[in-house]
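By written order: A, B, C and D. Residues from 1 in each chain.
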């Protein structure tokens, strides 16, 4: 039986190929995550375990989609940058990636919340945008990090005021119209030095591929921290971050890529530049990070 | 700190609103499901538990998205029809729905495969198409059901020949160029009456909302079958379907919507027309189904 | 010399095919026509010759593009409806049609303005919209005709008040917030019965294809008017319209399609239903016109 | 009377804004120009007057649309490059520009063909493409110029063979599979040195804005040629081009922008860099042209 009689319905499909030679940015957002975080009693203003679950999903994305070069996450949102030349999935948009991200979120939930069952169905929205130049991609990422800062500072103030027995409406009145400096002042009066908060809260999270080589010396300290990190079990996670927080930019988590050591004919180890997926909490607004990781957004 | 300096990056976002007053069809497809089904040892040519997990995801979609009116699933693919007037999610496309579907797939896995752990990360692709008329939506659904028939008949032949100790290449040679009639003949010689196979394999699955009232009398037999269905535990599922298969169109599964019985002042029960989500394995190519369920694709 | 090295640039082209099985409406608008009409001293509030030039362009469109079924013009704007099944130009959008329209506008200028040279370069914008149902196309056309009425009534009032030696700002104040009834009252006081104005001003213009047969009897009166119309030379055009204006719906212009008369074996003339391009000034908001011309928007 | 009841039809309009910060290239193509050129007896293989009419249209485009930076024409096709930052017409696509081009084509016809009336209605198709980088725009233009070369060489051979009393099919057979070198050989045997042909045929035409200053010294020779060009009336156009053709790159036409000479307080003329629209027949495939006119495609 031929199916040709009905095949005309395919002519209604619209090609949704994205413009070639542009950076593709995919932004994933939790759907109804206000409710979701209430139902699962996420800590206010930031739940570190929830953030780390998001980071784990991002790391899994890098394992799965080789054309990802950078990602940035804050709260229940994650932005992924695909390289300009990617032909992944014929440059069509977002379904596969958001589906994969969601799958990992559910599958890894128990790793991060061993004490909590999923009580509702988490889902994510996604939006794909193309950017024609590296400068604009950097501005995009800066836009998200500024947002992270604005929201985190406001939320930190808000919940500290609530803790100090203000009502919700008193708190909202107190914060109305305040600037960065005012909010830092409020926090200071409540005994909080904003810049002492964990970088993961203040800066958000970056997951990206980097050359292992270039990282080797500079991140020795990070390796030790990483060792400590791995040694400390989950109940102590918070303490651990208090220890780590003084490092503006540290490696929080390494994906389990094994080192492959080769030796040349003289028995000397061959140094190879290899990509490793790194999760970090860096300042991505200034030039420093991008100069140190020039290969990430390089024009091919 | 204002974020206005970077907000220009939003101007690169493209509005992806779908044409108003058209039926929106979302088709979800398993990604790399050939590998996925091998890894999880799905039965050939059809794995009933895997199909029922897909159906359970579709049913959850109906609970979550009130503007869905019909859906049709076959193999690792599911098509969802949203009503013409839906403003769900501003008529933007597919991310939320495919993300939700994926979430349910992972969360319900253990209900259908209590004996198997997820060994890889399932994910789904999705595509959204608009259809301007009811006739074309019906042709779309017919297209999918014809595909179901063609593939299922081929695969059933293929695996029966393999069972009868043919090699893969012998089997492929045997089937090359055969028509529907030829394949039925081959199956007959191997002791299989194609029309005796379970409807879920031959017809695929329909999940849709229907008025409970209109269903009440006509599906009395179905209610009894449903009772039996519920009574029989999972290990006996297969036998159960052998019993049920003689009914061309039967209710396989009811979502747990409780009956609400009201009484009028005379103590008589008030009949109300209520939508119930129904899973079925009907012929959706002919007119009969659509005449009996005229409200599903009615033009508002 | 092969050109393949550069051909990748074609991959940046975006397919702009419109949705199949939908009515395609093309709306052409004069660009900077406020200036253009000042420069060419178009009469206020309506310049009949300018309107008839627009109509002539529309008629030429029907000669050129066989899939056009209806068009409606008002002021410097013209909307063209292509039939649902058209594959004209692969359902791509507007360039060819607006280019053709513009070409005719310049070429026919002298036919309508023999006393005026083109002093600036006329150009038109165009926009293409798809409509999935006949009802919505009719609503679209009603929308344009309501606009015609609103604008024409306002402009007629405005220029009559100016004629009566009001200043521009007095006139604007006088009209602010007035309703249809108020404006009719103002016109009445200035000696104008709005419904006596030429239909081309009040109703705009429709150009469409119609069966000659169905038209034959009913438009006999029109044929006579048409004969008169043709007999009267341009200087008397205005008077001519005063004569004609009492007919709500009359044929203003026939395209020069010759009658082809055939005879059957008994010497009787064979009546054939043939499409003729007709320009008219009908009410297209109510059902009457569409019932009398049911073939125009019929669903194939 | 409010029009709100029908305004919902506007919701069917699709936003067609092009991606910001990309070069917009508009390519205009003659529709049915094979017929059109036959009907108006254009010379084979190139009609210089027809090409110059196309160039005049392009020049008028530069007068009208200030965001144009470069254009390239060959045969009945013209490509226009808008600067990356243009907000012209809200970055919507092509209607206005192709309408304007068409208008000029008809209006200027008599300037170039004083001896011929327009016998049919010329119209143009248009397509808009965005390019994210300068390199790709240059590749686009190179692609068109290679096409010009390939077609012109083939057509020149073809018509020379026809002139030498070959039949059409003999000519087609003779040319089948020939390479650039083979065709040059054929032409040489027929007494034609391909590189002696007018640049307008071999290279196509570029119309662009350039700084007058930077041009001043280098194009002194061109100014003299330009003077000659202006002095020679149309009947002698062909001879004139024979004289000019030895200059690979010469100024064929200056738009009538008057020189504005200012003097400083010491009576010295103030040199100002001013944009002038220039028509030329340059090699735009190599780097030389773009280095000499670096401002044209500079990234802002």
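In this section, a residue touches a chain if its C-beta (ideal position, glycine included) is under 8 Å from a C-beta of that chain, and two chains touch if they have at least 3 such contacts.
Protein names from UniProt, one per chain: A, B, C, D = tRNA(His) guanylyltransferase.
Quick caveat: nothing in here was measured; it's all calculated off a predicted structure.
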Pair joined by more contacting C-beta pairs (C-D or B-D)
C-D
If chain centres are mean C-alpha positions, then the most distant from chain B (tRNA(His) guanylyltransferase) is chain D
Taking each chain's mean CA coordinate, chain C (tRNA(His) guanylyltransferase) and chain D (tRNA(His) guanylyltransferase) are separated, in whole Å, by 35
Take the average of all CA coordinates in chain B (tRNA(His) guanylyltransferase), do the same for chain D (tRNA(His) guanylyltransferase), and state the distance between these two points in whole angstrom.
57
Could you tell me which residues belong to chain D (tRNA(His) guanylyltransferase) and also touch two or more other chains?
8, 12, 14, 19, 21, 130, 136
Touching residues of chain B (tRNA(His) guanylyltransferase) toward chain C (tRNA(His) guanylyltransferase) in the complex: what are they?
19, 21-22, 130, 132-133, 136
Give every residue of chain C (tRNA(His) guanylyltransferase) touching chain A (tRNA(His) guanylyltransferase) within the complex, in rising order.
8, 11-12, 14-15, 19-21
Residue numbers of chain B (tRNA(His) guanylyltransferase) touching chain A (tRNA(His) guanylyltransferase) in their complex, please.
1, 3, 6-9, 12-14, 31, 60, 64, 89, 93-96, 98-107, 118, 121-127, 129-131, 136, 139-140, 142-143, 146-147, 149-150, 179-180
